[in-house]
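In structure tokens below, several structures.
Here come two complexes built around chain A, the first alongside chain B, the second alongside chain C.
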Partner chain A sequence: MAKEMFLAGCAASAFGAKFARVEVISSYPIRPYTGVMMELSKIVANGELDAEFVHGEGEHAQVSIAYGASAAGARAYTGSSGVGVAYAMECYSPAAGGRYPIQMIIADRALDPPGDFGSEHTDVMGCRDQGWIMGWAETPQEAFDNTLIYYRIGEDPKIMLPQFCCQDGYFVSHIPGKVVLPEQSQVDEFLPPYDPPDPLDPTNPTSHGPQVYPDQGSAIDIQRAQAHLDVPKVTEQVMDDFSRIFGRTYNPFVEEYMTDDADFVFFIQGAHARTARFAVNHLRKKGVKAGMVKLRFVRPFPTEVVKECLSKFKAVGCVETSTSYGGAMKGGNLIHEVRASLYDSPKQPLVTSFMAGLGGEVVTLNEFYNMAKVLSQAIKDKKIKKYVYWLGFEKEGI
Partner chain B sequence: MANVVETQNLERVKSIRRVPQEEYYVPGHRTCAGCGPALCYKLVSKAAGPESIFLGPTGCMYVANTSYLSSPFAYPWMHCQITNAGAIASGVEAAYQVKIRKGKYKGKLPNVVVMAGDGGSIDIGLQAMSGLMYRGHDVLFIMYDNESYANTGIQTSPATPYGANTTFTPPGKAIPEGKTLFPKDAPQLVIGGHPAVKYVATASVGYPVDLINKVRKALNYKGPTFLHIHSPCPKGWLFDAKKTVSVAKLAMETGMWVNYEWENGEYTYDHTPKEYKPVKEYMKGQARFAHLTDEHIAKMQAFIDAKLKAPGIPVALPVQGPRETA
Partner chain C sequence: MSDFKFPEGKEVPRGAVLPAPVKENRMMITGNWRTDRPVIDHEKCTLCLNCFIYCPDACWHLDEEEEKMVWNADFCKGCLICAVECPAFALTAVNELEFEDGVVRLEKPF
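Right after this comes the complex of A and B.
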């Protein structure tokens, strides 16, 4: 029978890996994701999961061990945080280009400097163009479920892509919440064993990753791009199966909250969506027509869904937990994706962004109310003043 | 790592006539004429046989061998980054351990062989190689040593001999000897710091039967093993392409290369000449040393003499770093 446990995000992810019957695990310690491997190593030590637990000598090795194992036909699991994610950068493209659907659990952390260990999406966002599937969990339950969902999508024969399965450091990774754990048989029905078409196998020799001539490169790149185009369809199928088998439903790409008659929405991903919901509730009580749209995948970015969803509103405030220094929109990453998605929409909401929660700062309810003021004013003025507001550093006091 | 899975058991080859006829490193590559590393690949492949998985980090043997759709490898082969062959090999071995344990793969553990160049082993690849050795994966890590980064146009590596002219250590007025540093000792790096390693050996493409048997012996060990294989490079060392084997043999005759095995703490030396020829004879055959003066050659000779007092054992003298003075 399914049972409930009170688990922090790290432990929830470790349980997800256990239920996914991962076969090779590679670890290296860095806060705050370390809790995943601490829990998983206990599970392996107690004989509850038959897996090889390999202690990598660094994150670069961790990812290499995982994709080597995946190439040899095992379901591989690894993870990291912050500068660790950055250190393994060289290995992301080979893992995606080689079509090894490994999963990397990320509990986000700011890069150095300022070295504040805080939660920030900058680590993984810096790797978003390598061809990995990626998205954020808001709760430990979502972290658990995403582990299974991401493997299922990534290992689909049409897709075969690795996945950054992300959660905000501390806000999700270290704060316990209720997690419903399924029966193993349910997971086995949802997630079949990993069976790659051409693993490294002496009975069927194949070459992985040979050199190509320049004119052959794009023919391989386009397949990786095509796989990303195929992800949405596969995701819909996976979500159908997920709700049928586990009785829990997620909207595959974006989750809307109080959007039916909203004038403006907070566009957000990850842990701070919880605070955003409270803020929306409060604003509604005051008669402000606020709503929230939570993004579940950043890669592949659900362009059409976002376009259709956000076109309905008068204004959109992207709540950014990562920066793109010197970017076209002068601040965060989400606003680039949102404005690009809306470019050819006949209805154009006003779009601005708020740098919030960098370095792991809590994004407070007051800050959401201030964002609401800016968005309401923009609707009144029918224009936005700036692409980006740095909360706490603005003249207008937001 | 609950149960130890069954591994391959390869027989010793008694003479050159008994070397297997089958080729597993087949036409389809484009290495230079007289390529020592290619000869090394050929011999190692013969020794390991088809029940193998080869891993090739970036290096000249990746660049020259693997053109898409014309792979010369008749066994599963995978490219690694130059940095991570040890880690990928660990993953492959771990995957087979668990697959065999779960009955997903029927058969013995394949021979997992890394073919890394000197840079991919003891320079940028050192961390991953050391991690593999430390964790005790059942992998043979081979460092085919052509004493330079050869795929990028002959740049210095930690295996490049003192005095060599490479594109990063050209001789000039201020630095007349070219490379000023003496090389790292790869086998000693492995022996010295990795308790899980039971077998380390050096071999040379000039002595093929010995090389094949060392590969087989290494593969028969359960756990990590390391081979350092001298593989002369006509293009990088600038000698006549038909002389690869004789250059390899001359290295042995002058003490520039020593063949030995280290097995559970015991050293055995092979192919040791009764009397060593002067290193000058070895150096004069290669244009990479053409700029050296007698003084430089004497410095090299002193290094070799000291090393030969205890081959394989690191020596303290007369090596000076660039910041030291005599």
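Right after this comes the complex of A and C.
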């Protein structure tokens, strides 16, 4: 029988790794992700999981250990947060180029703008162009499920890509929620053992990560690009299997909340979606037709799905927890992807973005009401005033 | 691989994983980096194998039938560690321009 436990996001991810029967774990402490490795080391020490637990001398070494383990044919698991993610940056491109389906749990934390350690998506967003699959969990339950789902997608013979399995630091990683843990036999059915196509083997030696000529680089890049093009189809299949085996259903790419007759929606990812849901409930009581669309994958970005979903509304407010300084939209990362996705659409909603929760600041209900005010005004005026609103810093008092 | 067409000679194995070179990597000849090459005087050579031990690119090996040291031009970068380490002074550095097949002559400017 499946059992219920009260777990924070870190522990939920650790249990996910346990159920996935990971074979090599490499760790290096940095808050807020540390809880994952604390829990996993306990699980390994108690003999509940047969895995090599290796402690790296830094994040760069940590990802390198997982890289080597994956090349040898093991299911490898590692993770980090904030500046640690940035420190291991060099290892991400070769891991994706060499097609090693490592999973890295990221509990997001701000990069230092001197010395902040709150939750913010900037750390992994900075690494989003390295060819890794990437997405966010909203609850501990989703963090648990994503661990299994991401391994299944990443290890598909067509895909073979590493995955950033992200959750908001503190808001998900440290706040306990109810998690339904499945039977091991169910997980084994969903996630078969990793079958590496060319593992390191002394009897049949292979070269991994060899030097190639510059004109061969593009061919390797195209392989990676093709794998990303294949992800959506595989994801749909994986989600079908997931709901059949575990009885829980996720929409593979976006999750809509109260969108049937909505005038405007908050486009959001991660933990703040929970607050957004409350805000939508309250706004509905006041007669404001608000809705929410939650993004489940940032890489590969579900362009077609987002285009079809968002073109139904009059206005879209991207709620950003990461920023792209000096970018085309002068602000967050989501609005770039959203506006690019909507470019070909015959029906164009008004799109603006809200910088909220940077540096780990709590996004309050009040701020969602302010966002709703801006969006309602934009619908009335039939145009947006600004691409980006920095909530709490605007002259209009929002 | 469905969306892209690979022109001939552009294919690479998945993730660039290759059978390991057992002896030497014919895909990556690096011997054309040299300005000087070590030339051996077999009369002076005592087969002490110092050159074999010190060469960072494994360019020297002992031909056991002929009982002499053999030099591999394809991977020698001309660092001349072998010449420095040779106790019998059997190795001398000679500029590549002195050879008909010298790498300097092989490089076409246009």
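Just a few scattered comments:
Please note the rule applied: the second predicted complex is superposed on the first by the 398 of 398 C-alpha atoms of A that agree within 3 Å, B and C clash if a C-alpha of one lies under 4 Å from a C-alpha of the other, contacts with A are read in each partner's own complex, and residues count from 1 in each chain.
Note that a contact is a pair of C-beta atoms (placed from the backbone, for glycine too) under 8 Å apart; a residue touches a chain by one contact, two chains touch by 3 or more.
It should be emphasised that the depicted structure is a prediction, and the values quoted were computed from it without experimental measurement.
Look at chain A after the overlay: chain B and chain C clash there. Of the two partner chains placed by the overlay, chain B and chain C both lie in contact with A:H208. When the two structures are aligned on the shared chain, A:S345 is found in touch with neither chain B nor chain C.
Judged by the touch definition given at the top, the superposed model places A:Q226 against chain C, while chain B stays out of reach.
Using the contact criterion defined above for the overlaid structures, shared-chain residue A:M160 touches chain C, although it does not reach chain B.
Ranking chain B and chain C by residues of chain A touched puts B first. In the superposed model, A:Q216 lies in contact with both chain B and chain C. By the document's definition of touching, neither partner reaches A:S243: not chain B, not chain C.
Judged by the touch definition given at the top, the superposed model places A:S26 against chain B, while chain C stays out of reach. Remark: of the candidate stretches 243-251, 261-269, 297-305 or 315-323 in chain B, the one overlapping chain C after superposition on chain A is 243-251. In the superposition on chain A, chain A positions 204-212, 216 are in contact with chain B in one complex as well as with chain C in the other. Per the touch definition, chain A reaches chain B in the complex via residues 23-24, 26, 50-52, 54-58, 60-62, 64-74, 76, 90-91, 94, 193, 200-213, 216.
Per the touch definition, chain A reaches chain C in the complex via residues 97-100, 160, 197-198, 204-212, 215-216, 218-220, 222-223, 225-226, 229.
The touching residues of chain B, counted against chain A in their complex, run 1-2, 50-53, 55, 62-63, 66-68, 71, 73-81, 83-84, 86-92, 94-99, 101-102, 104-105, 107, 110, 127-128, 130-131, 134-135. Residue ranges of chain C in contact with chain A, taken from their complex: 1-4, 6, 10-12, 14-22, 25, 27-28.
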